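A, B, C and D label the chains in the order they appear, each numbered from 1.
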């Protein structure tokens, strides 16, 4: 069986061309040196180029993000940037979106297999009793992650032990994996254990699961604002009442489909921003589980609120230091220390913008027209 | 409020730099002309470059894909390519993965609001009675999409009408939106309707919902194969029995977390392949809802099976004709007519490879070691 | 190990008293002869007496139920009857609830285990091709059940084959089990099969599962009506607007809890009516998965709608011919041929009554007061 | 509109007969005086008689229940008692089932509506800061319930505040409602609040929701035991390996159906025991959400484990003091102080018995035969 050979991207591309007849010419144009991508990929042959559009500005009034932001979207989906752009303009005209980081944690859940439920309960107690000790073990393997809590769940002869960490500016999965691997080895030495596994799906990273409704995973972000009736009409092309009416039907659709969360397309904005900003893109699966709600307040004003319990983001590590990704984080002012929560607030507000715009387009029946017109505009503006 | 101005990417970058102080230099290196991305993005300023690694070859024995394939992964996640690579090698050594497209459809669900349940039932009947007529309407708006079925669901004074289409090689969401918009206008003329909305969340595109377990959305792909005990040990570093044992714990984790589907990290491979191949990345949210199962058969051989009911893919339209994306599709032999199902089969087999590798690494306790070693190797091989 | 001995209830009670010291004196008072309960229970020792209250009348304007009905509730939960009573009065004052049976079916899903996915797909095709033949097999084992459709779902080397029946007036689970057992034996003779199981949890009888949102299981019932503002205020003690406002919060609670369905307490009425009317009480688990929605219409009128996709009921078989149970069915006019759908409509309308009342009590803050006052009234009226 | 009139059951029956033509003669035979059912029902007309069978003995080795128990089942479902009986015998022969109460709590979640997320976060903080004070308020309204914790969840301008109680031997919903109603009034006085609702569906009492997987609601019970191969074969008529094989298919059915929990028919045993023992029957909806798992251990022995996170039970209050109900609790030794956890352990072990028996009958293909034979036996033994 042929294996891809070559000590660098050029050699691998040559090998591929020789063996498959396919040249990777466009991919060969790289804005980064192979060494820069060392921790990000293996068998590197080049770069995929994703069109990058900018939306905004959006005014965010958060605890960490405060100001006007231009948001980068890397996408191949026509109308996506325009859609978010409409919503961002409406939010900014309304004075901005309030943003709060209500929770900030990351957990993984190893599974310890012992002999019986009695043994499992004993192991769970042991964990409860040795938190401080295990915090020290965690601290030895990671400077940035901090073991906050252990929540053991016993089922049969297994303990599913949720280890909850604070991860600072990093998304943190790697450091948490590393720390908990150490901890598991220590636990398994102290308590007789038939087997243990570092992960067992309980924490549901990158998987849609109900658990994602019930604890912060990454940043838990809240967004709210009130849009005056005039802003809704002028910038969303619909009355607040019509938008609320649409939301009522959408909610019934959501609930009858058995959805986790309730939103129209959080995933679209997440995918585009995550790609642009060097995030772990697969995490849009859990990050997109969240809630958006609209209500009439006052005289046809629109109160909008979102809860995003799983906004997993990082501003250091992962793909954040690659050149184009770093530029996008810098554009948001999220490339330095202590910027992860700021980034989370901006993302949250932007997602709300996308919800407003798509709901408006569906409420006023111009969804298709918007898609068409947008392309026209694009064609002109090139 | 400042709006991004500029007739082309360079002018927009200049505007941004002038107004924000941030230059987008790395992003300026584009492998495509702005006109080429016209339908893919608005407010274009450049390109995000995502490192592209190649894994494989993987042998697929599908109805549509038959042969050895090198699979492109665009990712910033270290160890991802290596992980898939291990599984692909094991599969290929075992003779390849069988692949089947069991279903192929895309639906959207407009919501018609009438006066009462009686009216809603009447509208539902009307839809049942006018399928042929509405198929003609659909055919007028799209040459590739084909209206196959209408499934009206009545709740209160609303009809949630699922319009099911075949979409050929295109992912198809745009054409389906367009066709159903026309249909809705026709329906609303024929049957008095208080309001109607083109979409209402019921079809759950890009959203995690239980409905995604119950009908094909995109391609429904089945994969299976039996890995001989020797291949499992040699290529996955674990016995089949140990892997099955791990899966038992993983399944209990999955079920207790209230997951939709049961897999370890379908989303990782999906994200990387979708980015590389110009797919609509947000659709990994539904595409990652699927099932992986392993069983012992014979004398410690491993039977592996997957069901991916929501593999939304396209080989025309969307981002598929952008230069780097097109190269990746070409590498898979999926850049011509009639290749969407082939692509789906390759993706399905690759996802199974990733499952085998990660489960093996978790089963044998070398997950962390693998992550570490991989980087070392990468560092050397650059 | 002692086993309960005795040829009849009295002897078993004597045995129990002798061996445990516990006399079952109250339970000894039976309104039925032991022979009458032969098919309903084993090791019979007597009867549990559940207090029986009557609510109503409720006006139902269904396709099958048309008129005023007094509804029996067997319960030990104080305030339950009163709560439903309030709602029934409001519905009746509003002119009655419309009721529709939108679906009527029962399915079970045997699992056939074969060698590979290829074999499973072949078995699925075989089933598709032999529907008529298998309908004959079904007809031989049940006069009342009718095999309508087979929906095979392939995962790996297994076919999960949903056999969908019409069951007439019977709840029908026993007859369907019997018919499908025969069918499975026939299938296993025709197609080589490693194993097969009559049931495998897919149909989720008596279990809460997402599948219960997507197909009729038992009767699928729709209810709707508009309550004039004056009726809402006079009979529910709240304005329509306040009730709708409460529902908005309730919905957010429902969605954030990850609920299947959306209602306040369908299960309460179901449990009480199912016990009173000899239904299979465990089926309230699936029957309670349903949706209730309220909207403002006109000038503060209240539009109410429900969808109950899993209302599993029967008016023959099971406990329906026991004396007290039969009396309750007779009171509803549901003790003869062709009454199952009528019964389903009455139950559906009654559940809506219970929703209105409890939501009103929660909306106006008198929930606790209602519970207290009710007991006072009860004490007097005894 | 006619209303049911009458000062006592006899007068109400007379009224009903006069107005509807239906006499409630069988229901007139009551084992309790109307006064005894005062807190349990309104508009009392008599009693529903549910056939009562006894199963057992089952050996339970719990922290609270230790010994052999005869378990009462009030049911109209033929074969139910026999099914459980088979499993109970197997468990007892295997030496008994271990039982543990891992959690014990009940919560309700009022919803406070304020102006904005900022206000909501402030209210949540206020709750955190005033736990002690609110514990005093709770203590004033209930002697038995104890406020343990408040978990506020903010979404938009709402606080969904979970108030978690210990409830002792009572099921406790009424006392908790009462205490939290008081608390809410106090909160609303201290913190400006637009509206508040005592309940809003978040706690999902009597409703199937994902939240029920993640916190104890009622008693959280764990059961485990190992059945020797010989006991499995002799008493369940199947090998351990065959049973485990069946469970593999059942699990795939469960997961593909999108189930909450994983069991075959917890609801059956729950319904029958809850009716017999005066429990709140509608709570089988949440109580039936639980997990059962089987594994091969040693040489074809069977390890069985269950987790029942929502076993809501009480041995005082509700229907527990009615004559037939009290007799059943007494038979279990669960009619005095401090018996609720004992009762929970017995119920848990019995549910496991039912799982073993039905899985065995499905695994060995004798499910239908068992149903038939059982009736035959019943007919003889009647």
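Definition applied: a residue touches a chain if its C-beta (ideal position, glycine included) is under 8 Å from a C-beta of that chain, and two chains touch if they have at least 3 such contacts.
Here the structure is a predicted model, which is why all the values come from computation and not from measurement.
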Equivalent interface to C-D, taken from A-B, A-C or A-D so that over half of the residue contact pairs match: A-B
B-D against B-C, pair bridged by the larger set of C-beta contacts: B-C
Cα-centroid distance, subunit A relative to subunit B, in whole angstrom: 17
Distance from subunit C to subunit B - Cα centre to Cα centre, in angstrom: 38
Shared-contact residues (touching 2 or more other chains) in subunit D: 155-156, 210-211, 213-214, 251-252, 254, 256-258, 260-262, 291, 293, 295, 307
Touching residues on subunit B, where the partner in the complex is subunit D: 210, 213-214, 248, 251-252, 254-258, 260-262, 291, 293, 295, 307
Contacting residues of subunit B [partner subunit C, same complex]: 98, 100, 102, 116-118, 121, 154-157, 210-211, 213-214, 222-224, 226, 258, 291, 293, 295, 303, 305-307
